[in-house]
Amino acid sequence: MSIDAAAAQTRQERFDQGLEVLTRIDGEAGQKVIDSLADISPELGHQVVAWAFGDIYDRPGLAPRDRQLVTLGMLTALGGCEPQLEVHINAALNVGLTTEEITEALLHASVYCGIPRALNATFVAKKVFGERGRLPSEEG
Amino acid sequence: MSIDAAAAQTRQERFDQGLEVLTRIDGEAGQKVIDSLADISPELGHQVVAWAFGDIYDRPGLAPRDRQLVTLGMLTALGGCEPQLEVHINAALNVGLTTEEITEALLHASVYCGIPRALNATFVAKKVFGERGRLPSEEG
Amino acid sequence: MSIDAAAAQTRQERFDQGLEVLTRIDGEAGQKVIDSLADISPELGHQVVAWAFGDIYDRPGLAPRDRQLVTLGMLTALGGCEPQLEVHINAALNVGLTTEEITEALLHASVYCGIPRALNATFVAKKVFGERGRLPSEEG
Amino acid sequence: MSIDAAAAQTRQERFDQGLEVLTRIDGEAGQKVIDSLADISPELGHQVVAWAFGDIYDRPGLAPRDRQLVTLGMLTALGGCEPQLEVHINAALNVGLTTEEITEALLHASVYCGIPRALNATFVAKKVFGERGRLPSEEG
Amino acid sequence: MSIDAAAAQTRQERFDQGLEVLTRIDGEAGQKVIDSLADISPELGHQVVAWAFGDIYDRPGLAPRDRQLVTLGMLTALGGCEPQLEVHINAALNVGLTTEEITEALLHASVYCGIPRALNATFVAKKVFGERGRLPSEEG
Amino acid sequence: MSIDAAAAQTRQERFDQGLEVLTRIDGEAGQKVIDSLADISPELGHQVVAWAFGDIYDRPGLAPRDRQLVTLGMLTALGGCEPQLEVHINAALNVGLTTEEITEALLHASVYCGIPRALNATFVAKKVFGERGRLPSEEG
């Protein structure tokens, strides 16, 4: 990967680039998080977009679906991140992971994080899949 | 995936199946962990092999490299799991993840777990890559 | 403890054995968790029953009430496991721990996990004891 | 700091001293937590007051506002402590931290705990500031 | 349990009471921790003794061996507390838990905290049991 | 605080700005971390400097000493971050926190994170203060 250290970007340009990535991956859910930060910490919203999505997510070294697998692992392990898991299970579907791969990843998590964390994450997946009509019983 | 609920296995057969998976994925490092449990908790060693590797790891719903991505995310997020990270960064290389993908996954981790956890995991990768002659400077 | 390594069990037999233990310890609460997994990750439900309760919980090396003490300590320390704490505070009562022992264990937790984790767990105990008519004021 | 090792205090005196500190820092929110413990674990309530606030909080080595900064950092990092964050973001305002300092501290947390923990804490701040009419848009 | 709210104790008396409990439970290991705090934070040493052991550990509502079971669960779940696990696995033996019960408790932990935390704790037990000549192979 | 959204910066300029902040706060310890990343993940080193120190640390909304208080709280709560605690206890001294304030902050941490995390952090402080000749016995 080559990064042009001499290419100048304004703060706004970095934000715009991140927003394009955020929208592509997270869809409306990402935008809603940023919106909800507007009246309390717009700078945190800016950093989520410009740094997390603009600087990190969009790097070429790891495919978007692979980033979501790592992310699902981390959010499951951290615990107490159900709102973020909801965003990122949606994102995982958006970038091409199947419902079977996601539930299998969360089953796999029980080995490393224990059953409670795996259960909590799996129930978030149940909510997200249900909202998108993609529960296994619905996918046939 | 179909699982034959009527197929009977002895405890030893489940262990043997898991050991084949463990050896394929973790190589010697996994075996060493099991050996070091022999005089303190052979049952924990049995469960790591028969359950984690035999029952879970070998399921077809998620590719081995994808399992390692989830695992790297979890171990980085948990913190204090440097010995397990060492085993699983080796495993990640064994199942086909590149050094670039692994370091990128750990950079990605800084967004969700913060910089300290990402640093600790990256220094384990440095150790493992160095031992295998695969630091970026060595890979050319 | 002797484990017969040559005794063969089908997947269904291991599940049935675990279900007997789960029902004895957790009562209806455990069954509800398994039921709620049926349309999202039946395999996670299977592993909770067959592995956690069949393989581990039923081992003779540690009494059921002692397992619950360890479990209450872990779930309090992990944080964000209030649903599991609810199941296991019920389970603790089912296997003979008194309400005084449980609240004392959660007070003890403040030394190792800090006051916030102890508070969160204690409020789950308040809910469970209240539902079972066993708040200290009700026990006389 | 000098502590008179020979000065005797009753259990009640230590509690009364802590209650004075708790009320000064946390206001009604602290008292409510203690009240809600009365019928489940009055001893945990006693220790929160007599030990945490009486013995520790009131020591002269660190200013109250500085204690709140450390506390906000810890509660954000722990995760799953939103009820305690709510009490302590109120407390932070009570002891003189500004809304800008608090949101900046939570933005700063994203570096060490990752974005999800920072988001969760920031949304608690949004709730507290809103209840007190101190959202940035309201402060002008 | 009745606590005499009017009984006055000096700071030194509370410390002395805690030290008696600490010595009984943790033996030399506990004293070494307190000693090592003398030139950096004698007040933390005081609180460990006077509060954790004097006020909490010595309460009658939960037997010493039961407190150690809860403690082993918490320290295993927290992660990164290997020095404290070493002290408390020693303490667990001191108050009458058997080596089999301790290793079983740590195996049980794999269900709730995942395999890595269970492994880390089990290797601390291996060290402690080895130092005391109580590895299973040595106990016959 | 005003941020000029139209001011363009190159990647190198953002790095240079962060490096100035890093050097001012962390001194040599920060530079050593960046250097040690050079052959494994130079991009993580870049982000630590350009993002964490350039974008976040240098913002005017929270004084450097206040940022260190929050940081000490977070690193203590996370656990397993002793290397980062060492860097940031040095940093805390560099930006004007006294040794008494730091040990008091870590004593305060025992209320929220429990005694084990507070002990681990305090022993890192003992190491740092000792290396700088600032143990209480040396300062007295």
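First chain written, first letter: the chains are A, B, C, D, E and F, and each begins at residue 1.
Heads up, the rule we're going with is that contacts are C-beta pairs under 8 Å (C-beta built on N, C-alpha and C of every residue); 3 or more make two chains touch, one makes a residue touch a chain.
As the structure is a prediction and not an experimental result, all values here were calculated from the model.
Common neighbours of chain A and chain B under the contact definition above: C, D, E, F. The chain with its CA mean position farthest from that of chain E is A. Taking CA atoms, the transformation carrying chain B onto chain D includes a rotation by 180°, reported to the nearest 5. Using CA-based centroids throughout, the chain positioned farthest away from chain D is B.
Averaged Cα coordinates give chain B a centre that lies 31 Å from the centre of chain E. Note: centroid distance chain A to chain E, computed from Cα atoms, is 40 Å.
Between the CA-based centres of chain D and chain F the separation comes to 23 Å, rounded to the whole angstrom.
Multi-chain contact residues of chain A (touching two or more other chains) are listed as 43, 47, 51-52, 56, 59, 74-75, 78-80, 84, 103, 107, 110-117.
Shown here, the protein chains touch in all possible pairs. On chain C, the positions that touch chain F within their shared complex are 110-117. The part of chain B that touches chain C in the complex is made up of residues 3-13, 15, 43, 47, 51, 55-56, 59. On the chain C side of its complex with chain A, the touching residues are 33, 36-37, 39-41, 43-44, 47-48, 52, 74-75, 78-81, 83-84. On chain F, the positions that touch chain E within their shared complex are 79-80, 103, 106-107, 110, 114-120, 122-123, 125-126, 129, 135-137. Touching chain C in their complex are the following residues of chain E: 51-52, 56-57, 59, 61-62, 66-67, 69-78, 84, 100-101, 103-105, 107-113.
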